[in-house]
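Note that the chains are named A, B, C and D in the order they appear, and that numbering of residues resets to 1 at the start of each chain.
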Amino acid sequence: MDKTVSSPEQAVAGIENGAVLMIGGFGGSGAPVELIHALVGRYVATGSPTDLTVVNNNAGNGRVGIAAMIDAGMVAKMVCSFPRSSDPRAFTEKYLADEIGLELVPQGTLAERIRAAGAGIPAFYTPTSYGTELAEGKPVAEFDGKKYVQERWLQADVAIIKAELADTHGNLTYRHAARNFSPLMCMAAGVSIVQARKVVAPGEIDPEHVVTPGIFVDAVLEVPKPLQEEELIRSGEAY
Amino acid sequence: MSVPKLTSAQVAWRAAQDIEDGAYVNLGIGLPELVARFQPEGRQAVFHTENGVLGFGEAPATGEEDWDLINAGKKAITLKPGASFFHHADSFAMVRGGHLDVAILGAYQVAQNGDLANWRVGSKGVPAVGGAMDLVHGAKRVAVVTDHVTKDGKPKLVEECTFPLTGKECIGRVYTSLAVIDVVDGRFVLREKLPEITLEDLQSLTGAGLATPDHVGDLVAPDLS
Amino acid sequence: MDKTVSSPEQAVAGIENGAVLMIGGFGGSGAPVELIHALVGRYVATGSPTDLTVVNNNAGNGRVGIAAMIDAGMVAKMVCSFPRSSDPRAFTEKYLADEIGLELVPQGTLAERIRAAGAGIPAFYTPTSYGTELAEGKPVAEFDGKKYVQERWLQADVAIIKAELADTHGNLTYRHAARNFSPLMCMAAGVSIVQARKVVAPGEIDPEHVVTPGIFVDAVLEVPKPLQEEELIRSGEAY
Amino acid sequence: MSVPKLTSAQVAWRAAQDIEDGAYVNLGIGLPELVARFQPEGRQAVFHTENGVLGFGEAPATGEEDWDLINAGKKAITLKPGASFFHHADSFAMVRGGHLDVAILGAYQVAQNGDLANWRVGSKGVPAVGGAMDLVHGAKRVAVVTDHVTKDGKPKLVEECTFPLTGKECIGRVYTSLAVIDVVDGRFVLREKLPEITLEDLQSLTGAGLATPDHVGDLVAPDLS
């Protein structure tokens, strides 16, 4: 019952070609940079994993993190709400060249679809996007005189996540707004791989303060001084 | 017909042998709760209770109860290191989302297609369902612990449930006081039986056909009295 | 921006006849006994509010809390998963005499329907109850080869809730398993009324530890030494 | 035609006057964000941002940023006492569930039936929607702040949106650089206009008919330059 792993390379070793991969973070807050870079490193060295579908609110910025994955050529498709941010060059280039797919999902619907997968809810109705082009082809139903769009759960093979504290059972806390999609992604993925600033013994996180219970987590890696993606981008770093 | 049978504790012990180290487990109220007592040496399961606790332990000593710290049966519990609290929607996300490794429930009847009836025996009185209908769809493995027959000797393993269903085609394995039986492709397959009972006698106490593979193990439990 | 009220009577003064009332708690853990008893007191004194629909996991125990409401005759219907507990006499008597209604809902579906109301999701699909008598009359749909039952959100006019800490903006924490349905009910009700063991100034609850953000809370009452329902029942107390 | 008009800050100031004390408010990225600067004396609104923060305050000083503490526009923020963090599903439960009192958004076009187009002007380039489609269904009151016309002088208030919709029949009030206009039963109703502009000139800059009730107020904002 010890979920710790000892290196980023070991943590991401099991991710397969064609996997659906949820990556925590909103912009640079919560981006698991070390795990992502280990994955890029593995791809560069071995050609695998490739043909990935990546779920994240954005589609990468600058030349690090998800943008580095896209630049490396291992991403077949992005599922996101806002594939334009401060420097979305990597995605934009490949998208305009028709070399990467895009499923555009309203942000709240994206969050709810991920939660639904984690909660065993295969479909739900939302007012969001009703009457817009993003609802085209989706079933519509009326409840109490108002129209709603049916949305499906969004499941993943693997989630890679940045946490603040983890215990060896996989209980997690997050730091500030770096929480964002991460607790939901841990619920929705078959395997959740987490990098945490500090890994502690069971019992060192107050049971009242656990945000993600360990049942949703499979592997925990301590990364004591994690890179902050926004800071990397602002200083012009490239992977 | 008087037959040898396992005690409730022995049935629970047998079910506990199949719970792997690190498993997340929900135990129904009553007989299933006994399973927690018999975790094999060296294995550590994490117990979930529907009202929002993961990682709970034994009951506290009498007089030491904190009634804000209870399980789904409203019994006082204690916490183990690594426990967590969460609200009911998250708790049933764990259940319905298939995050539990094992759920072990009681039964009035189990049908050969895996249908379970365990919440209501008739239409009289006040009906109450609790979390049973969620749990049967909740775990990677849903098993039942039960006496092989009812108190008046009627089969609990049947061709078709006559009591109201808790869930359809949801049970994978049944641990009874006489046997361990899997549900495979719409029929009961015998895996283990008490050495003291013949196949014919076991079949006569079972309300549906028992398929018997080449190897049927001996169901042997330690004396736990 | 100060949501505090000064007495249980003031807190429950606005609840109207015919209201749908969610009451936090699972068994005795989390039951807002002081608020419930203030409501019973108001009914006994004024005949109002009556004809209430009460949503709770259970249907009252002994002679306090929800059982006292039922005994008083102010409850028209219970919506719950388990109306039998250690001493369900109050509900059982009225139910068998056909003097109170019951909508029986599987526990996880109850929780999810409450959350759905809070999240603006009018309907969702769940595997729970498929093929059982509790699904009769409900739409069924197949997703990925499996059958699911459509369930509707469950909204309330008012929620009455027991918390551990509250700040004057209505941010809440709970105590142990007393959390249960309460955060969901705060989301689902038009008005959420909370009794907390201690009311503190904004900023005294760590933003990382807030369980129910204040946006879901309308009124906060400090009840420094709250009664614990299970203890009342075990000592044979009656309201 | 050269007309007087409010500055962006003045439009934001006008919108801020309608936000009651204690309101929970989401401000869209860009011009709407300015609204936060003009909360009337004695009123305290609580600001929500989609990425999971309630109760945030001003931007920190340059060099003081914590990039784990940002808003939906990815700008660094600070916290006020009483703030809280939560995940994205809870954040959009606040939005979709109608818990926000006010959402104020930007617009490419608003139609007289309340349709809003604010996420995409054509089919070229990379589309991006963010939380706009959720926010228009999210608040008790959904308003727009905008210049009255586009940069090249075309009406933004129209009979029917020609750009892709963000939401149908979702806007209740539009604060423009020239007027305050409500959407009532499928048409624009003028509530306030700049005293310096005639009704005729305002109508000529508006792409749909403006109903004018007996009382149309003067839109007057302080000098904020």
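In the analysis below, a residue touches a chain if its C-beta (ideal position, glycine included) is under 8 Å from a C-beta of that chain, and two chains touch if they have at least 3 such contacts.
All values derive from a computational prediction rather than experimental measurement.
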- Output for shared partners of chain B and chain D reads A, C
- Message: Using mean CA coordinates as chain centres, what's the gap between chain C and chain D in Å?
- Response: 36
- Message: For chain B versus chain C, what separation do you get between their C-alpha means, in angstrom?
- Response: 30
- Query: What residues in chain A touch two or more of the other chains?
  - Reply: 112, 115, 119-121, 126-127, 174, 176, 207-208
- Note on the structure: Contacts with two or more other chains occur in chain B at residues 85-86, 89, 92, 95-96, 137-138
- Every pair of chains that touch: which are they? A-B, A-C, A-D, B-C, C-D
- Touching residues on chain A, where the partner in the complex is chain C: 112, 116, 119-127, 141, 143-144, 146, 148, 152, 173-174, 176, 207-209
- Task: Write out the stretch or stretches of chain A touching chain B in their complex.
- Result: 1, 115, 117-121, 167-169, 171, 187, 201-203, 207-208, 210, 213-216
- The chain B residues in contact with chain A across the complex are 21-22, 24, 44, 46, 48, 54-55, 79-86, 89-90, 92-100, 137-138
- Interface residues, chain A side, partner chain D - complex: 26-30, 57, 81-86, 88, 91-92, 95-96, 102, 104-112, 114-115, 126-134, 174-184, 211, 228-231
- Item | Contacting residues of chain B [partner chain C, same complex] | 49-53, 66-70, 74, 85-89, 91-92, 95-96, 115, 125-134, 137-138, 164-168
